[in-house]
Amino acid sequence: MPITILPPSAPIAAAHLHHDDSDEDMSDDDGLPVQSTTSIVTPGETVTSDPQWMRGHGTYVPADTTTIISTVAGHLHKTNKLLSVQPLRARYTPEIGDLVVGRIVSVQTKKWTVDIAAPMLASLPLSAINLPGGILRRRTAVDELNIRTFFSEGDLLVAEVQSLHGDNTASLHTRSLKYGKLRNGLFTSLTGAGGGILSRRGGVVRSKRQTFTLQTGAGEIDVVLGVNGYIFVSAHKKAGQDEKDVSITSLEQGVSETLYSSQNDDIEPGVAREITRVSTLVKGLVGCGRRVDEDMIVRVYEGAVELEAEEKVMGSSERAGGAKGVVEAVLGRLEMGG
Amino acid sequence: MALPTLALPGTLLGPASKYAPGPGTHIHDASIYASIVGTVASSPSPNTTTTKLPLLSISRPGDAGPTDSANILPEVDSQVLARVTRLGARFASAEILVIAPANATSISADAAVCSTPFTAQIRREDIRATEKDKVTVQDSFRVGDLIRAVVISLGDQGGYYLSTAKNELGVVVARGEGGEVLVPVSWREVKDLRTGRGEARKVAKPF
Amino acid sequence: MAATTAALRDPAPAAAAALTFPRPIFATVAPHPFLQAHLAAPQPSKAPLRANSRTAHEFRRVGINTGSLTHCNGSAVVRLGNTSAVCGVRAEILDEAHVQATADFAPSTGNETEEDAERERDEMESLRLLVPNVELSTGSTPQHIPGNAPSSFAQTLITRVRSLLLSTSLVRLSDLRILYAPPSNPDGLDAEPEPQLKGYWVLYIDIFYISIDGNAFDAAWAAILAALKNSVIPHAFWDEDLETILCSDDPSEAHSLTLRGLPVPSTFAVFEGKHDWNESGEAEEADWVLSDPDAFEETVCRESVCVVVDCTVGNKGTKDGILKSLEKSGGDVVDRDAMKGLVKRAVDRWAEVEKATNTKP
Amino acid sequence: MAANTDRRRINAPSGGTSAPVFAKPVKEYGYLQSLRPNRTRGPDELRKTFLQTGVVPSASGSAYLEVPTTTTSSQPSLIPPTSSLKIAASIQGPKPLPRSAPFSPTLVLTTTVKFAPFATRYRRGYIRDSAERDLGVHLETALRGVIIGERWPKSGVEVVITILEGDEDTWWGDSKAEGGAGSGWGLLNVLAGCITVASAAIMDAGIDCVDMVAGGVAAITGDGQKVLDPCPAEHQDIVAACAVGYLASRDEITELWLKGEVGADPDTLIEGATHAAMGSVSVLREVLLENIETKTKAAKEGSKRKLEDVEMTG
Amino acid sequence: MAPPQPQQVNLSPAELSFLRSTLCQAPPVRFDHTKGPKDFRSMRAEYDVLPGANGSARVALEDGTEALVGVKAEVETSQWRPSPDARGSALAPDAEMRDAADDEDAKGKGQNSWIEMSVEIPGFRDDDSLPVFLASMLTESLLASGGLKDRLYINTRFHWKLYIDILLLSPPLSYPLALLSMTTHLALLTSRLPALKSEKDEDPLFDDDWDAAVFLYPKSKASASDDKPPVIVLAMGVGPNIIFDPCMEELAVADSVLAIACANATASSTRARIVSVRTIDPPSHLTPPGVPNSMNSATGGTVPASSAEALTQRELLANSGVWTPPRGGMKRGLISQVVKMVVEEGGVAEEVISALQAIELG
């Protein structure tokens, strides 16, 4: 079926589906006098004037009052006595220590500017990267001239937010072997769904492991979930560089060899296919307004593979909606199967 | 297969297994084709690291003389003549007027005149080889000076990076306020012969 | 070649470290000394040569080729060395109805007087019957890249062309008027019926530069002259039953423009030699007035003069030109005597151009 | 007309002017049709093409192309039966990008196509109209695939095309609407011409190309006949036409512009266009080879002169 | 004054070469893993969204690109140009001949200038090359068959003027041509003109009953063979494969891109008809070439001494993992293959057109 055209409907059907259970966690708590009938509040809307509640993200309390007023349009959430409003769409707000995936926007004399889906472009100083030939090497004027050989426009990298400046611009660093240039894979953007703690529904969640390796039929696949909602799925890095802790010399090897390479290793078609599948599923997950984290991805991926296998058997692959369709189907089965 | 003497873009020159592609050629499914109009030349491979095969190249007819200010871009190590356009605290700006082909020792006949000058910068630390920390831009160049320099980096969108940190590099023609000629008297000073007034420059060692 | 030997001996301090450059590089890094080196060269027999190996007084040959454009009433391609321009003249009809405040129209008497021409000029200008324009953004020079509005250079150029067109009243109004003679006099008297003015021909004169190597103005004007001489205006008449102006496509009925004289501009550029060159004070006056400067010379010259003469109207034959216009800008080299010389050179030039415009392709 | 409000140019009378209307075609029945030009060439016969490079010395590359009109009017008339094709191309660069431009790893190509006001039967404006911009895009597409851009980092090149005379959409006697909005058959010929002349200019400029791209046009007339290099004025009933930018030695097409009721299988039409393009290729080849020979000769003499350096002082 | 390039993608060389390698597999693995080479991205569509217009439609893709098209018709007086026959009807006194002149149907009377199209894309001036290109391609595909413009003919003095306003509501993420054309198709398919009540050459009078209005594209029982507006599909060639309706990432590695405007099959032929084809310059030509490790000082390689040497090395790395922008154009064989896939019975064209038809019926 080459083309599928659906009748018009609300953009994210899943929103309702999900919106129910957030209603529940409102209703299960008696005695919360919420003015707004639904759990959706809009900026300026009074959430409650009951002094027992504490204001959290996305709310504020006008001077000498106890009324909590929403500052964003989003879902109302309560954890114990803390009221917070989680925006429907939020741009990523960087926080120190975040692992982010970014794209080089421009190259300056001593630094790069990087798009990390935040309102402001982040910056990566030349001084904050591992220079080839070993971490211990001192930066020279030559490096400045060759700055483009490390990263140039369009390059993808995984980095950590090192510091935040007054205007909320982040500056990054890649001074660790798990950071650096990204290659051998596919990039997926979940812009608007990023935003760490707040994004309980849809998008990437801050968790203990932002990067993990996925076992697939064809081989291992690395997944980097940038907290900023940028995701990179790639062929698994050959052991020897980040697995076992390495001696400084062979480490220098690793650094100088591949750290700034913009050349792909040759990837077996099978692996490439699975990489594409995973990144497609991730898009589907967001389409369904689901959280994106390690265990969800693993479950959906396995589900999807099963599904495909069965369809092959039955030979019927009539489905609309592409990625989202698949994910919905898989999730459906998962719910049923508990 | 005999090589043609003249070639047009798209002319088949030979299999990539027998020749290496040089300037003015390109590879299209495993054969070498010409990519510009010109005369075909085959020469032994310059550096054996990349390939051992004889190098096929095509020279533009005009290149024989500088009259054809053909499309030569500055590249790293190529020597240039530039005119200083601006002085800053940390670098001087200049416009490249003439480019000698890469690693040619001097501006000679086969240098190319730029139809449009290329903007370039000379960072303070690249002005002089020794005592870099003592250098000041003001005492090395003046706006309007003609300098000989080498390209050390293609730089970012701003412009190319030049260096004069060699004896034979630096100011070759300097003029005073009145446009009078200043003659080099030492590697760091030029003088107006009439008034005897001297000015500081990073002077290029005359050939 | 002369220039080279000359340069070796030009007035320069021997003390200065001499560095040698190939000529084109010399020209780029130091244009002014380069040209001076050429001009200052004492020639054994002949006058000093410029970088383009012309003498100071030498103009470039004018090559003219007319009538090559299909959709024009008249057209010409003019070559002036490496400067070449195409001019197309296109005649369209301005309906009398669209003319607000028609100038009171007097049937031109055979022998016209100065004030007739005067009145004509005003009428042409007020009605905008001549619409000249130039286009330089054709890749003709590296400076004029398309996509930008006409540069100030283009604007001054076109203003000069237009004012010269009007001031010389080159085109006759009688050629542009479209008259209608009613079969019978409206107020039944058997008096000669008054011809009525039904409209005008408007001449769109567009100049496209193919390539510019200095002296764009002379080239433009030469192109206009040739194109206008080449123009053929169809016979236009008023059609009663359709009540519009119609034209006859019969070449034999059409008429060509009869121009007033043949004004020819000659542009000169003044090259001021630098005297501070030799530290040994004796500064010998060294200035050159270059005829028909090329692009390179225009970059090193500040002062320029444009002399427009017309020798067809002179009483003492073609050796004596009537000065049609005189433009001088910048500098203080050309004085009265010098100007005399220039007019003389302009008259000589006139003859050449006159010949070129008359030779049919 | 756009020029009316233009302060930087000399403007036409505010009342506006109209192209002359000729009496005989309007009044005499049959006269109009008697003027109709007819194709005298065979269906596969191309018009002669005149090509010359190096017409703009100050440009890094340039070329001029002319396809003279083939039809000669039977009786004397001021109305030109058909128009010819006269195009000039000029290349500026490769040159540094303007300061404002961001870094580009490859050659930035800009193409501009402009009709002269006197290029067509109806006078054109000075500001580029949509047809001209559209042509620009087509030409750019044709050239992008040919130029090896990665060899000219952080530099740009301007391809400027001036159409001094352009082919017409239909025979003037048939054209209903004034000015543009015609069937646009003529534009195909103009495009093909632009491609060929631009290609010549680019090679004259010595910019690396994978092949010589050349333009060609073919059309299908009402009776289903395929004609190469059609002159639209000579065909009353073109139903479909196609212009290509063709790479002969790779047998590839960088630019394809096909329009009209071509039915289910346009292959024959495209085939025809490529055959027409082969004609342009041979012209290109001839002219360029001739050029090298003369240039190399000139270079030899040049090298002699080059030895004498000018001593520059001060 | 280079206009902003929507198709100017800034993907890293590594991504580009990965994408290409997957797309070149047999069968190709698309960026959206669930899609086959001939599959379109699913979209949402509705029509008659603008009550004020004669016809309108709105289509949204999953990736958020969304287009809105309004069709508005106005009565305009035809301008009179002197010509023997026109003069005949204007001057001749006897009524017979004038009637004769009118009774012949409107065939061939339509003029191209009666249809005016405007394309608006956020972030583009309307004279930027992209909108101009889109507008002219959409227009020429509409005009290719004289049918439409002839239906705008009212009488010798009046005609309908059709204004088609096309708006892209979102920034152009992928090349929006196909989307815009489908939206236009739907809008035209559902546009209606008020029924004419007046006769012959008198000033036109129209029936104010909207139900009596006639469809711009008349519908008969055998709806399959009705004249329907053309629709434009995008196809790209990458390596040996052909991919339809490519997304932005896929376009970034295309060898070549074709835009094919096709109309539905008529009674005569069972296959769809091509009305216009254009190549589109793939953004891949503007992508940055990747630097191989061997030439990168930052990866233990050595930077070539001269550009000449660099050139040699670059040319020698045939399709390795290093991205090099594609060169040249589209093989002729590939073109005819694409065309075949579009027009063949049950081909892409038929699919798309019937799918759009289905929206109106269902």
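By written order: A, B, C, D and E. Residues from 1 in each chain.
In this section, contacts are C-beta pairs under 8 Å (C-beta built on N, C-alpha and C of every residue); 3 or more make two chains touch, one makes a residue touch a chain.
Predicted model, so just to flag it, every value in this text is computed and none were measured.
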Ask   = What's the fewest number of moves from chain A to chain D, given that each move must go to a chain touching the current one?
value = 1
Key: Pair joined by the larger number of C-beta contacts - A-B, B-D   = B-D
Message = So, comparing each chain's Cα centre against the centre of all protein Cα atoms, which one is closest?
response = D
Rounded Å distance, chain C centre to chain E centre (Cα mean) = 49
Message = Quick check: how many Å separate the C-alpha centres of chain B and chain C?
response = 42
Query = Using mean CA coordinates as chain centres, what's the chain A-chain E distance in Å?
reply = 35
Ask   = So what's the Cα centroid distance for chain A and chain C, whole Å?
value = 69
Key: Multi-chain contact sites of chain E, meaning residues that touch two or more partners   = 82, 87, 288, 307, 311, 327-328
Task = Can you tell me which residues of chain B touch two or more of the remaining chains?
result = 26, 28, 66-67, 69, 73, 109, 115-116, 156, 158, 173, 181
Key: chain C, residues touching no fewer than two other chains   = 13, 16, 19, 21-22, 29-30, 142, 147, 242, 244, 277
Message = Residue numbers of chain D touching chain B in their complex, please.
response = 60, 92-97, 99, 101-103, 146, 148, 152-155, 203-212, 247-250, 284-285, 288-289, 291-293, 295-296, 298-300, 302-303, 305-307, 309, 313-314
Request  = Name, in rising order, each residue of chain C that touches chain D in their complex.
outcome  = 1, 3-4, 7-8, 10, 12-13, 16, 18-23, 26, 29-30, 33-34, 37, 68-72, 75, 82, 84, 86, 88, 90-95, 97-100, 127-129, 131-133, 135, 137-142, 145-147, 149-150, 154-155, 158, 162, 202, 204, 206, 208, 210-213, 232, 234, 236-237, 239, 242, 244-252, 254, 277, 295
Inquiry  = Which stretch or stretches of chain D touch chain E in the complex?
reply    = 21, 25-29, 32, 101, 105-106, 108, 110, 128, 130-131, 133-134, 136-138, 140-141, 144-146, 148-151, 176-178, 181-184, 210-211, 242, 245, 247, 250-267, 270-271, 274
Inquiry  = Which stretch or stretches of chain E touch chain B in the complex?
reply    = 303, 305-309, 311-313, 315-316, 318, 327-328
Complex contacts: residues of chain E adjacent to chain A = 10-15, 17-19, 21-22, 25, 29-36, 38-46, 58-59, 62, 244-245, 288, 290-293, 296-300, 320-323, 348, 351-352, 355-356, 358-359, 362
